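Following are the structures in question.
The same chain A turns up in both complexes below, where it pairs with chain B and then with chain C.
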Partner chain A sequence: MPPAEILIDGLVQSCIYITMAFGMVLVFSILGILNWTHGQFYMLGAFVVYYSITAAGIPFPLSLLISGIIIGALGMLVERFVIERLNAPGYGMMYVSVATLALIFFFEGAAGMAFGLMDKGLATVLPGVLNLGSFSVSYQKIAVIIFTLVVMIIMYVVLNRTKVGLAIRAAAQESVAASLYGISVKRVSLLVMGIGCALAAMAGAIMAPVYTINPFMGRIPMIFSLLAIIIGGLGSLTGAIVGGIILGFLNSVIAYYVSYLSEFVLFMLVIIILLVRPQGLFGAPIK
Partner chain B sequence: MKKWYNILAILLTMVIVVGIVATGCAKTGPPQPTGPIIIKLGASVPFSGPAAPWQLAGDPPWKEFLKMFNEEGFQVNGKTYNFESIEVDDQNTPEGGTAAAKQLIFGDGCKFIAGHWTWNFPAVAAVTNPAKVILMTRTGNEAVPASWGGLYDPQTMPYVVFGNPSHEQFTSDCLAIVDAYPNYQRLGIMDSTQGMGAGWAKVDSDLDKAGVRYHHEWFPPGTTDFTPFISRYKDAGCDIVYVAGWISETWALAKQRWQMGLKDMKVGHSGPFVDIGMYKAIVGADAAQGMIGQYWANWDFKKTKVNPKYVAMCQQVQQNIFAETGKFPYTGWIGWGPSHLLILVQAMQKAGTVDDTDAIMQAIRGGTFDTTTGTWTMSGAQTYGSPIVFGTPSALCTIQGDKEVYLSEHPMQPLP
Partner chain C sequence: MPYFDYKTWIPRIVIGVLIAIFVILPVFTTSVITLSIFISSGIWTIAVMGFTLVLRTGQFSMGQAAFMALGAYASAILTVNLGMPFWPSFLLSGIISGIIALIIGLIVLRVGGIYFSIITLAFGELVRIFAQEAEGITRGVRGIIPPTPPTISLLGFDINFAAGNPVPYYYFMIILVAITAIIFWRIEHSRIGGTFASLALNQTLAEHQGIHLMKYRVIAFTIAGVFTGFAGAFYANFLSIITPFMFGLWQSIQIMMMSVVGGISSIVGGALIGATILYTLGIYLSRLPIYNIQYVVFGTVVVLVLLFLPKGTGLVDLWGKFWRKVFREPDEYEIPEESEMAVE
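So, the complex of A and B:
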């Protein structure tokens, strides 16, 4: 059994992947695309919260919300002016993929020019450590866990108990039928892109005090979130959560046991999982 | 009409004669230079990428030092010379290093590249050696990934000089830490898997010989979560961890060990502190206290003697930068550009030439040089195949409040 601090670390890692993967799956369900820029929205969210706190003096919880709103709006702009235009007849998936890949370097370059390449940190936010006997947990990590729980509950309520959620689910299941019932799939797509990007941004924002902030911080979480949704089953929200939990824990536990060989072992396991169950744990069987 | 032809012929003859005479005079009596002769000194350095914080922090004081140095200049064969520094961003990538070296040599006409310190040395050397350009860099080449150009070879890289030892300094740093904390339990050492290789094997072997208790961990490049590694250090009984990686990894490790409640675990790194304020902001004001870093403030050295003239120059530079910016610059610059420059100048004076790089290299091999980091004799004839490795004081400091405070020093022994 790994020590408690490793299990807590695994839980924290899982929280990031869950929040990010959830947003990615939402976007995939409605728009049918994998948004490769998701990691850069995570990074921009961290920068927004950093400047909200250090430059404007806005409290951390409010900065989190601001980060979600601003980056969510940016995501909607990307959907409206890039994805929607390229996801049209005559173009298609490949064009959208290339465009969102290009946006990775655009956003990283823009962030580098605007905010600089030097690392930044928010060590002053929620400082302190909770001593639990044989191990300790920082308040920053506790905040990540609580935040993820709250976000997941909100997302559950929105998707299952509201008209907007019903529209999203309907558009995800059968967009043509949904539009026949008066649901504007175009508007739903825009909204879902906003929610997905806001989730990524808030994941970056909540992690900002835990790690350092720089223009390239979104790359690794993006890769792991993508793996989480592939393991969980592309298009399954439950799969995104379970995939995120599996990957987060595996990442920490394997690194604890095998040190620098962790990535080798982890990705080998991912390949084995996919070979045994190509559709992922909660995905529909591949025909 | 004939008369006009004659006049024209006479005028043309006069123009030709005057032209020939003027040209002859120009050849026999060149105008004397009114000031020092300028030598272009190239610098292939990282203004972007993960190594940029150190370069950006060290650049203004280095330029200030060069300005002061040029006020006096230096003499070779009765002529006075100055250096003009030309810097090109090499991004600390092999491609960037190659491009920067080509620009400096073929674009700007540099015969010397100094102050180089990043990992792309083989890529830079691949351009400098065929051009017979002297490259002043640092060791650590054993750690350079093969895909980046491979190891140092005295046969194919005869114009490379290691003005700074790197892995040798890691060893001396570890010994300096042990000197400072003799009651340590176990020293943790950490580097990226990119650094695995003969260089670290030598460090481990030297630490074994010195009886140092240590535990080595490697992390995959791009790691941001160091919790599993910190737990492994804790399990191995390490109470000090020395990071031989980039600054971001040290920040992450120092911060995360604090978040895990391991407040007694000391953290140090192989570079000097760039800016204490930055460490406090990123790591946390409390967590940054006691962090260990390299220290190049030569006026505080206890075991290494430095020429008072150079100490005074370095202190003056610090004062000048403080007067301009209101902040003292970090001291890391003292150990690189100025030291390389002084080795080069003294080798030129010994060789009696500023052009013949073969003669200058001959003066460098096995030579003794007086620099801002002390007086050292080039060593490493057996280890590297050529005596071209300078020494290092391996002085360390810790963060106390807002200041760097001298901790310990373990001057490097000459290499076999």
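So, the complex of A and C:
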């Protein structure tokens, strides 16, 4: 049994993967594409929160919201000007993928030009640790966990109890039928992309004080949240939660025993799951 | 007087002149920098051709650079650790990479579409991690230094592959690209190329016509693996170093972008244009004094090409368009406006 700190670390990592995976799942179920730029919105969110705290002196919870709003708007711009045009009939799915992959280079280069390549730290946002007898947890990590729980609850309520959520679910299930019933699938796509990017940005913002901030910090969370939704099943929010938890815990627990094996095991696991059950643990079977 | 259709011959002559210029380029310049750029572009061209061939069957592989790594490591391990001569090990590198592609393809191509992309992505990362961690075989992050190829005596000339002399490598690249291009051209315009296209266009219909899906997908993937392996082995020998980070996920993404920007309507032409333009652009921009600008411009160029060329065709389609403009011919096809009728 690994020590409690390792498990807490696994939980924190799972939380980040879950929050990011939510955005990817939403975008995938409405637009039918994988948004490869998701990790770069995570990185930009962290930068926004860094500058709004150090340069503008805005308190942390407020800057969290600000980063969500700014990056959500940026995501909407990307959806409107790039994804929507390339996701039209007549294009293959690959063109959107390549465009979002190219945007990775664009955003990383732009962030490197604007903010520099040096690591930045944001250590003094939520100082202190919570002592729990044999081990202790920093308040920052508790904030990450609480934030993820809040996001999960809000997502559940919005998707299941509001009209917007009904529209999103309808568009995900059968977009043509949904548009016949007066739902603007175009606007739902825009909204979903905004929500997804805002979630990624807030995940980056809440993680900014735990890790260092640099223009390339988005790559690994993006790959891992992608693997999480693959394990859980594309298009399933429950799957995203389960996949995120599996990945976060496996990553930190295996890394505790054999450091270099963790990535190897995770990628093997993904390959095996895809071969045995391509639709993932909770996904609908492939037609 | 035999009928001489200048409309087909003038474009062909222009292509021939371009090829001739590339073949005699070392006469004009033996600058290491210029030739290195073209050598590397040629190597990426081979990898991109392999990627496009797989794409022709409707699958997109996100681990194509892993086969370059396999070829490079196979050739280097055979020469350094097992003491084989250079040329047999170079031939074996492509064969080994092809065999691995065959095995992977047989297992993985059952699941198609996006799942295939993700599995190849994971496979590429596995190869990278293995190269990084199996220090006993691959020397980990320190990398392997492959020996330079032996001097060849041919018709009284000594072809010396010494470091700092890029001309032999340049001609080696030209020969390799030419062989690959001829083979891929033949594949594209033969019956099997048509079969590949039918898989991509309508999988169900192709299957009901009696085409064995798996068989043709695996064939395409294996051929791509063989040539990508050759490209990797040559790249490692040209740079005289292999490290695990040379052929990672980002290189696979680069291959993908080169293929799509160049255009997938022609395997050979699209790969040549896409790889040469994007690689040269990247190298040129990284020499500018503004730090990091190459990534910004690279990303912008790729997105703009995708957005503004009609219906997601690449740069290679501009060639035909250009000649139709010159000869004042009507466009071959009009894009029907009805297809704009997206679901609102």
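Everything that follows uses one rule, which is that the second predicted complex is superposed on the first by the 285 of 287 C-alpha atoms of A that agree within 3 Å, B and C clash if a C-alpha of one lies under 4 Å from a C-alpha of the other, contacts with A are read in each partner's own complex, and residues count from 1 in each chain.
Note that a residue touches a chain if its C-beta (ideal position, glycine included) is under 8 Å from a C-beta of that chain, and two chains touch if they have at least 3 such contacts.
This is a predicted model, so every value here is computed, not measured.
Q: In the superposed arrangement, does A:V98 touch chain B (first), chain C (second), both or neither?
A: After superposing on A, A:V98 lies in contact with chain C but is clear of chain B.
Q: Of the two partner chains, chain B (first) and chain C (second), which one does A:M113 touch, if any: first, second, both, or neither?
A: Only chain C is touched by A:M113; chain B is not.
Q: Could you tell me if A:K186 is touching chain B, chain C, both of them or neither one (first, second, both, neither)?
A: Second partner only, chain C.
Q: Is A:Y260 contacted by the first partner chain B, the second partner chain C, both or neither?
A: both
Q: Residues of chain A touched by chain B versus by chain C: which partner has the larger set?
A: Chain A has more residues touched by C than by the other partner.
Q: Counting only touches as set out at the top, which of chain B and chain C does A:I220 meet: first, second, both, neither?
A: A:I220 sits against chain B, while chain C stays out of touch.
Q: Contact-wise, after the overlay, does A:P127 reach chain B, chain C, both or neither (first, second, both, neither)?
A: The answer is first: A:P127 touches chain B but not chain C.
Q: Looking at chain A, which of its residues have contacts with both chain B and chain C?
A: The overlap between the chain B and chain C interfaces on chain A comprises residues 117, 260, 263.
Q: Using the touch rule from the top, collect the residues of chain B that touch chain A in their complex.
A: Within the complex, chain B contacts chain A at residues 48-49, 52-53, 56, 193, 217-220, 222, 224-225, 227-229, 231-232, 247-248, 251-252, 255, 258-261, 278, 280-287.
Q: Could you please specify the touching residues of chain A with respect to chain B in the complex?
A: Per the stated touch rule, the residues are 3, 5-6, 9, 13, 117-121, 123-124, 127, 129, 131, 135-138, 140-141, 210-212, 214, 217, 219-220, 251-253, 255-256, 259-260, 262-263.
Q: Which of the residues in chain C come into contact with chain A in the complex?
A: For this pair, the touching residues of chain C are 55, 60, 107-108, 110-111, 113-115, 117-119, 122-123, 125-126, 129-130, 132-133, 249, 253, 256-257, 260, 290-300, 302-303, 306-307, 311-312, 339-340, 342-344.
Q: Which residues, counting only chain A, touch chain C once they are in their complex?
A: Contacts found on chain A: 34, 82, 85-86, 88-95, 97-99, 101-110, 112-113, 117, 175-176, 179, 184-186, 223, 226-227, 230, 234, 260, 263-264, 267-268, 270-271, 274-275, 278, 286.
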